[in-house]
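Two complexes come next, and they have one chain in common, chain A, joined by chain B in the first and chain C in the second.
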Partner chain A sequence: MRPLTEEETRVMFEKIAKYIGENLQLLVDRPDGTYCFRLHNDRVYYVSEKMLKLAANISRDKLVSLGTCFGKFTKTHKFRLHITALDYLAPYAKYKVWIKPGAEQSFLYGNHVLKSGLGRITESTSQYQGVVVYSMADIPLEIL
Partner chain B sequence: MEGPSVEELLAKAEQDEAEKLQRITVSKELELEFDLGNLLASDRNPPTALRQAGPVPEAELRALARDNTQLLINQLWQLPTERVEEALVARLPEPTTRLPREKPVPKPRPLTRWQQFARLKGIHPKKKTNLVWDEVSGQWRRRWGYKRARDDTTEWLIEVPDGADPLEDQFAKRIQAKKERVAKNELNRLRNLARAHKTQLPSTAGMHPTGHQSKEELGRAMQVAKVSTASVGRFQERLPKEKAPRGSGKKRKFQPLFGDFAAEKKNQLELLRIMNSKKSKLDVTRATNKQMREEDQEEAAKKRKMSQKGKRRGGWQGTGGKRKGGPPSQGGKRKGGLGGKKQSRPPGLGSKRKAGQHQGGKRRK
Partner chain C sequence: MGRKLDPTKEKRGPGRKARKQRGAETELARFLPAAGDENSKRLSSRARKRAAKRRLGSVEASKTNESLGTKPSPGKLPKEAVQTPGKKGTQALFNAARDKKHPVPAHSSDEEEDSEDDGTVEQRDLWGSEDSDADMVDDYGVDSDSEEADGEELLPIERAAQKQKAWEAAAGAQWSEEETDEEDEEGMSPESGPTKDEAEGGLQINVDEEEFVLPPAGELDLDAQAPDLQRVHKRIQDIVGVLRDFGAQREEGRSRPEYLGRLQKDLATYYSYGDFLLGKLVELFPAPELIEFLEANEVPRPITLRTNTLKTRRRDLAQALINRGVNLDPLGKWSKTGLVVYDSSVPIGATPEYLAGHYMLQGASSMLPVMALAPQEHEWILDMCCAPGGKTSYIAQLMKNTGVILANDANAERLKSVVGNLHRLGVTNAIISHYDGRQFPKVVGGFDRVLLDAPCSGTGIISKDPAVKTNKDEKDVLRCAHLQKELLLSAIDSVNATSKTGGYLVYCTCSVMVEENEWVVDYALKKRSVRLVPTGLDFGQEGFTRFRERRFHPTLRSTRRFYPHTHNMDGFFIAKFKKFSNSIPQAGTGNSATGTSTDLDSPDLKGQIPPKSENSSQPAKKAKVATEAKQPLQKRQRSNKASFQKLNGVSKGAESELCTVPSITKVQASSRLQGSSKLPGKADVTREPKMTGKLKKLRFSKKAASPRQSALFKGRDTGTPAVQPLSETQATPRLKDRGQTLGKAKGAGKAKQQFPEEPGKKAKFQDSGTPEGPQVPTQVPTVTPRRSGRPPPAKRRKGASQQLF
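The block that comes next holds the complex of A and B.
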């Protein structure tokens, strides 16, 4: 387990900023406690300071996970964001897409969403923008 | 119209000559001080022109510079000249002004081990003579170096000493001893250097052959030996099945696990700030698409007007297809827009064109 290097932090922030933009600094600098990013076995975990201190007592090979896994670095050092980061990204998402209840189940099983299944979408979303998908009941479903 | 007459031309030439002569002689209150060795002329005249408040006009500065340079060159012309490879050259005298140091004063180096010892014991270097009398050759020879006085490398006979092994090669022994002395001297020199620069010599732990070295130690020693060539091991042959050594580069250093959280946070926020500042506020593709949409609408509106006018006059003065290369719109939105335009033009052209035509058709009906 180790902190991220400058390069790794930059790559990760660039990825996350695609979804939440400048709200990223709210993740970094939280009023309710110091949270930090730590790398363990190529995965990035977002963990509070207290939890980190406890996790430091576990040996490397026995430590499976700590805090929330945001994503992992691939073999070629690209950052892949995981679904486990959804809880932290959803409140700060800039561009949101809502899906109608009919298309929601289909979407969750992996199918594409047709235009008719699209409920609402934040205005001025450009093509290929990173979005967070919600159901009509405002439950975050997916990061796309 | 006639050009200037001959008399006028001659008068002008005379005037120019007089001016030139005037220019060579410059009058100053105080004479300048010259240091021709450095090509330096110091003007101690009070600078009335420069004392005025506000910026000094260019012309006055230029005139001052010209006058002083003229005086300096007059002085140079008075120096003794000589000819060097078909060029006439003035021989400059020795410079009189002392220039300040170019580089800072060298720091005193720490004493070597011997110097410390000598200082402690109060040993001073003895003055030695350059030449020594050599009995063998019967002449004065230098103390060391080429054709020195006592050169034991040229000896062709060495007596085997009493306690030594009779089969030992004394000549080889002598050469070996010399090598060891040289190596020891070199080692001491490097140690002194390391002490002077406050660094450490690379450790030679495990490099001294003891006969009881482990496999890892031997492997390490072998790697070091491979790399200790002039080409840093690039052209060393390997055994047939030996694998290439993995990059034994520097081990990466990471921040400690619980370092200073505040500092970490500060660095990350700084990184974010830089990232945000680098992002351009103008979304180029959106801007160019918007621009293109506006243009298309303008064109469509114009065409409709033209078609209406044409119908009234009973003639179809069609504008034909879209006028390509229409007036390039101005404005800051064109920044890098040309590149974006090329990309998004073709699909836009097809769809928007058709839509416009249909609408126009419907309206007409």
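The block that comes next holds the complex of A and C.
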């Protein structure tokens, strides 16, 4: 477990900024304490500082996971966000897409959403924009 | 082969043309009984057969068909089936079973018919009647009414019924003949034995239960090869019935163990258990309850789930699931987050709510240890065997994602499921690690609470995994027990006793065996400074305080056992410990004794021990031989309790540990001080009460002994001068070592009864500093056993008092 290097931090924040824009600071300074990112086995974990003290005692090969995994760095050092980051990105998402109840089930089980299944969408969403998908009940479903 | 155009010729047969309605006369003509018509008709061979058949009625025809063994015409059978389905069926079975052994009934009934019919012609017709086609007309053999010779107005159906009754009577007679034959034999031959008592038991069980006869012990091979499960089941019920009222219902000359042995074998056969496991279960449950337990293991427990309160509420979740088509109910008043699923039209593990992490599929019994643990917010919790993560996530939701949870498991593949589940359920305060649980306090310790869901033999979850019935053996259970003991000791060492809000440990297994549950808990009570406390679960059976030849600590009553047949959840065992001191006793019966004796004033105990340990830890660290003169004396006092050999070994051990881990040495030395467990040759049964007694005696005798000892010493000085130099030389290095360890031991000082005495003794013995040197060898009798002919009378007195125990 180690803190992220400058380069890695930059890459990761660029990626996250696609979804939540400048609200990144809100991720780090939370009302219930400071959180930080740590890298372990090419995966980025989002942990609170209280945990770091305990986690430091665990040897690297025995540590499996800590806090929440946000995503991982690929072999070519690109950052890929995981579904596990959804809960943190969803409240701050800039562009949202809502899908209708009928299409929700199909989407959850892996299929594409047709245009008819689209319920709402934030206005002025550009093409290929990173979005967060919600159900009509405002439950975040996916980061796309 | 042209069609002959002959309007006078009536169309007969099963074809379409025959079915066409021709007109009233022709229709009537077919129905009206007219022998003349028949005779005037040009009957083809088939028509003749049909006529004959109609006359006889369907029953006889079918009988002759079967008994003759010829292939019945398919056309005929349906007709007969329509007419008399029931009779045909039974007769077919009967005929097939008897295999023409008893043609008499059939032929007798045939003869009856034959008497009515004309002789040979009809016989031929009977023979030939098999091939004819079935008539579409269901006239119930109306034609034969005219041929009754009996003079009775019987319809063919009624005649057939009479014949049926006659046949059944004959059959009954035959069966009873067979049975009486068997009964006549005196039940010694293997085959007849079981059938005999089955017959007797079966026939008479409704009438008179006393007659159940236990088959002889020797034969069971028959059952082993080809068990007749129904018979075995019946026998099980019979034996349980007999056992319930043994005095009245027993068979003369048969003992209870014979009945029990038979029952055990039968249960093993019927429920397919291995002998070892069934033997263990027989020891645990009385016979009727055992059967309930075994039956409950055949049926799966209901599916239960636990709401994830981090993301939703139980009410909302229930509503959402009901909308999806799941039939569910709250679990019970003991759980605020549990739901039980009766049935579901959607896969319960694949709903969007599940994927969103709103609930977790978890057994009801797995929710209990976490409820017992009662984690508070901002605590540090260790879950030692966490896979697949159900309990860990429950802990996290009770803590509301505050604090830190260290979720550990030794199995790497199962850890993936932990990662998945914790992420899905939105648990953010968990660290997941992959250690062997036994490494624990070394890696990181000082947790507020620890949950240990130990790997076990799984005898409580047989309904989930039936392979456990046969693949568990004595070795497996003992291996599990050993591992559990090690894990439990490590877990206890990882708890911080001085935690402000915690200091608790919950040990649980999904097993019902005493070796894995009460025995392990009892072991921990002896080995560590822990105490059992109530789990906070108000239902469930209490754990055993004694079991067969073993005796456990009385506080084991606060542990809880759950069974599939009583609580409708998986078999489970839960024990909650409170650690009251961070020091590790070397041989901890003193602790358990103090635990019991001071159970009532536990708050005092809790209050006293931690500060004392903290205070004395400081002097321990600065152990100096010279200043700790009183320690050898203390050691001597306390060594009265310990076996002398152990003392030696222990001191050496303590030395080595000095170099490595100071805290542990201190702890071990203090345990030596308490040092009471290793009384050679003393049964565990007698240990605790004796211990308390001993402590009291010790306290008393110490004060008494000290002046005596100094006096004696003086005597000894004069008496054995030659011996002394040797003893001194031996004593001093030993003294040094022991001084250090003792210092630490004293520092760790668990038996608080000792503490008040120390100042007193200190005062006394600081005066006689040197005497302690030579006195020391008295405490090391292994080295100089002869010399301490002197554990002088005082010692011997103590020794004597020891032996009294």
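Some observations on this one:
One rule holds in what follows: the second predicted complex is superposed on the first by the 144 of 144 C-alpha atoms of A that agree within 3 Å, B and C clash if a C-alpha of one lies under 4 Å from a C-alpha of the other, contacts with A are read in each partner's own complex, and residues count from 1 in each chain.
By definition in this document, a contact is a pair of C-beta atoms (placed from the backbone, for glycine too) under 8 Å apart; a residue touches a chain by one contact, two chains touch by 3 or more.
Quick caveat, the model's predicted, so the values are computed rather than measured.
When the two complexes are overlaid on chain A, chain B and chain C sit side by side with no clash.
By the touch criterion defined above, A:Glu104 reaches chain C but does not reach chain B. By the touch criterion stated above, A:Leu144 is placed in contact with neither chain B nor chain C. After overlaying the two complexes on the shared chain, residue contacts for A:Pro3 are found with chain B alone; chain C is out of touch. When the two structures are aligned on the shared chain, A:Asp87 is found in touch with chain C, with no touch to chain B. Touch criterion met: A:Cys36 reaches chain B, while chain C stays clear of it. Contacts of A:Lys62 after superposition: chain C is touched, whereas chain B is not reached.
Once the two complexes are overlaid on the shared chain, A:Ile121 sits clear of chain B and of chain C alike.
After overlaying the two complexes on the shared chain, residue contacts for A:Glu49 are found with chain B alone; chain C is out of touch. Residue contacts after overlaying the shared chain place A:Leu24 against chain B, while chain C stays out of touching range. Of all Cα pairs linking chain B with chain C in the superposition, the shortest spans 16 Å. For chain B in complex with chain A, the touching residues are 254-259, 261, 264-265, 267-269, 271-272, 275-276, 283, 285-286. Across the complex, chain A meets chain C through its residues 32, 46, 48, 50-51, 54-55, 57-59, 62-69, 84, 87, 104-105, 108, 135, 139, 141. Across the complex, chain A is touched by residues 352, 355-356, 380, 402-404, 406, 415, 418-419, 422-423, 426, 428-435, 443-444 of chain C. Of all the residues in chain A, the ones that touch chain B in their complex are 1-3, 5-6, 9-10, 13-14, 17, 22, 24-25, 28-29, 34, 36, 38, 49, 52-53, 56, 126.
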